[in-house]
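Below you'll find the structures, each written out as structure tokens.
After this come two complexes, each holding subunit A, first together with subunit B and then together with subunit C.
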Partner chain A sequence: MQLHDKLPPGIVLVKADDFQTWLLDIQVVDGNPLYAGETYRLKFMFSQSYPIEAPEVVFVQSTDPPRPIPYHPHIYSNGIICLDLLDRQGWSPVHNVESVCVSLQSMLTSNTKKERPPGDENFVRFNTQRPRDINFVFHDERV
Partner chain B sequence: MKVTVKEWNAVAAWRWDMPDDDVCGICRNPYDSTCSKCKYPGDDCPLLLGECNHSFHMVLHCIFSWLRQESAQEKCPMCRQPFKSKNQEAAATGDSQT
Partner chain C sequence: MDSEDDFNSSQMSEDDFAQDSDVEIDEGKDAESARSSSCDASDTWTVDSDFDDDVGFESQDKDIKPNKHAYEVDFNVFEPSQIQASQHKQIAEVSSILVQPPEATAILLRHMRWNKERLIDQYMEKPEETLESAGLGQDAATNPPKITKIQGFCCDICCEDGPELDTFAMRCGHRFCVDCYRQYLYTKIKDEGEAARIRCPGDKCNRVVDSKSLDLLVGDDLHDRYQELLTRTYVDDKEKLRWCPAPNCVYAVECAVKDRELPRVVPTVHCDCGHYFCFGCSLNDHQPAPCSLVKRWLKKCEDDSETANWISANTKECPKCHSTIEKNGGCNHMTCRKCRNEFCWMCMGLWSEHGTSWYNCNRFEEKSGSEARDAQAKSRQSLERYLHYYNRYANHEQSAKLDKDIYLKTEKKMQQLQSSTGMSWIEVQYLDTASHALQQCRQTLKWTYAFAYYLARNNLTEIFEDNQKDLEMAVENLSEMFEKPIDQLQGLKVDMMDKTAYCNKRRIILLNDTAENLKQGNWEFNVALS
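Let's look at the complex of A and B:
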């Protein structure tokens, strides 16, 4: 679970005191105006079986420092991310914290729509499942 | 002058015949080291080379524990081709190079 000495641009390790929960900040570095000047905080949760099992990765919100949940058609307003890489079907144990962060940066980079997923309000209000137990349907090949 | 050798100690080192800087893609430890759960490197924590030429620490903790997952669908974690051992014999005996 070691991070390389130098992380790619726009990725900062915030907290990694144990092997259960890590916090990282990411920025979109290519100047996509949707995300310019903002920093987003990611929470990684690792099970005992990591990296055989995917980590649970969500965006977390805070006001100090300001860390909003990025607008994206596959990111719910409670921070839950719909990305095949983070799901059982799409995960591979050769992924790591760094590659997940880079994938999320790239997912944001390519986005042009400032919107939430369809049904966001209901999902956020009624969802009690953990991200890993949700059966997302991956239908969008563009991101 | 006659020299009589009374005693000698041989020292040998081993390493896997793998590129120097390469690490197991799953546990990220060097091949010459163990996975994070094994105690001794080498035959106790051997490597498995796939037909796709991707290799991993083998026993229990790296590639095998991945392949046991249903979601792995018996595919190589690196290239997602069906994972087949390249050399069954070498894998079974942990064929190391000196």
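Let's look at the complex of A and C:
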């Protein structure tokens, strides 16, 4: 696992005690008004086969410190992220924690809509699958 | 409603499926090699009846096909080795046309979902682009893949470096250490079941790992699995091929019925493992109902049946807005929460007509009350109609399960009969035949009710219902005989054989009738067939 001395701006390592779960905080640094002044917490979960297999990455919510789930048409309100990079098909072992964080930052940066994915309510209520087992259909090439 | 996963197995009449020797999957030869799926049970009666088919004659012309019924489709059953052989054959053929090595040709064919003509056309037109889109890039032929040591190399996956590190890259140039590459391939093949389209581990690289590179990197243990997965993708890619869905069955079935023909035909095929299934949707044989109706029906039953039962038993509808209301206590003066209509629970009439006499409803003959009850009855009718069909459907499903239990006991009965009466093995086979017929007929009957639910009322429907009734009666008669104790069974042999033959005959009549009318589009459904 790669631990860079210097992480890109807006990415802070919160907890990395073991090789199973890491917490990171990310901010959107380019001043997109949707996300200005907010910090979001990411939870990385690594399997035995990381980096061959993708880690499970979700946003987690907390009140102290305040860490909301960012509004984005591809982020469900329970923190599950629909991003091809994190799916079996899109993952490449070359990726790492840093590159995932940067991708998520840029995914947020380019967003202009303060909305949840269609069907968010149902998904959040009924989904019992782990993120990696969900078959997302990646249709949006813009993010 | 999980019954779809039952797999009826039939052990009888293997002779019917003694395979042709020249089975091969060759697009051009379908017509010759395709053989009729003559229903096994039918032969038992056609032979006895007045030679109305040419089945009974030992014809001098060996190629003569047994008469095909209207509800039957042509199909072939293939073993994995045959499927593999036909892949190799096609690869070799195209390889020589395109002048590409077989590994590359295999990737190209898989990329084009085994559409040879399209591949050749496209390749002849723009070879470079075709290779590129299949993840092959240029010069796949010139230098074969090899493992090398590179000075100053650092693996992007594990960050290992060192002069002794074995590395590998395909022509895309994404180089990783052999351990990482190997582990990547293992994960893809073993855990994720990928084979035909494993891509380079590099980010956003679309290059597909070819079989030569794979041979170089993975051991024999994985190689078998890889080949198996390739065969699987081949069958999945081919529209004409489908795996038999029975557990542990290794055969694939070829049938020429296309998706768009499904509203007009119900393509039931019979795998060599004994399983009958629908080539269109892989569900258990669901003749006579077409796939789209089956899907609709199963969906409906899944969400509706229990709820509908409960609603029917426990609720009434508001006479004004038809909201469903459950009365869980209190007096008969109802106020609909939705439309504020006040009515009497007993007579369903307007409450205002009751004056002040609460609770006691003695106004049964009042006009508004009887009108409201009529309306209620009408709206309940659709629910009742559904339940009528559903109950019969479920009943046959249940009976088929029970008959299956009997079938399992039949074997014991047959042995007992042999020892107690001195009958020979061949002489007690009628029990097996009968039990098999029974199951098959129940399966058909079950689906006739789903079919009938969607049928519009007309003369054809009347004929259908008559056929259904005849079959149902025949089945019940035969089913009853199975309940008889062993000592009576021997005496019933002739009767039982007659009844079995009759059941099969009724089933064929019903299926022929429905299939012919389906083909000609004569049925009127109250829903659209998609």
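Following the convention adopted for this analysis, the second predicted complex is superposed on the first by the 143 of 143 C-alpha atoms of A that agree within 3 Å, B and C clash if a C-alpha of one lies under 4 Å from a C-alpha of the other, contacts with A are read in each partner's own complex, and residues count from 1 in each chain.
We adopt the following convention: contacts are C-beta pairs under 8 Å (C-beta built on N, C-alpha and C of every residue); 3 or more make two chains touch, one makes a residue touch a chain.
Because the structure is a prediction, the values reported are computed rather than measured.
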First (subunit B), second (subunit C), both or neither touched by A:Q61: neither
Subunit B versus subunit C as contact partner of A:V94, first or second or both or neither: both
Which of subunit B and subunit C A:Q27 touches, first, second, both or neither: neither
Which superposed partner A:T109 touches (first subunit B, second subunit C, both, neither): neither
Which of subunit B and subunit C A:N78 touches, first, second, both or neither: neither
Partner chain(s) touched by A:P51 [first = subunit B, second = subunit C, both, neither]: both
Subunit A residues contacted in one complex by subunit B, in the other by subunit C: 2, 49, 51-53, 88, 92-94
Residues of subunit B touching subunit A in the complex: 25-28, 62, 65-66, 69, 71, 77-78, 80
Complex interface listing, subunit C residues touching subunit A: 156-159, 174, 176, 180, 183-184, 187, 191-192, 201-205
Subunit A residues touching subunit C - in the complex, by the definition given at the top: 2, 49, 51-53, 88, 92-95
Touching residues (chain side subunit A, partner subunit B) in the complex: 1-2, 49, 51-53, 88-89, 91-94, 96
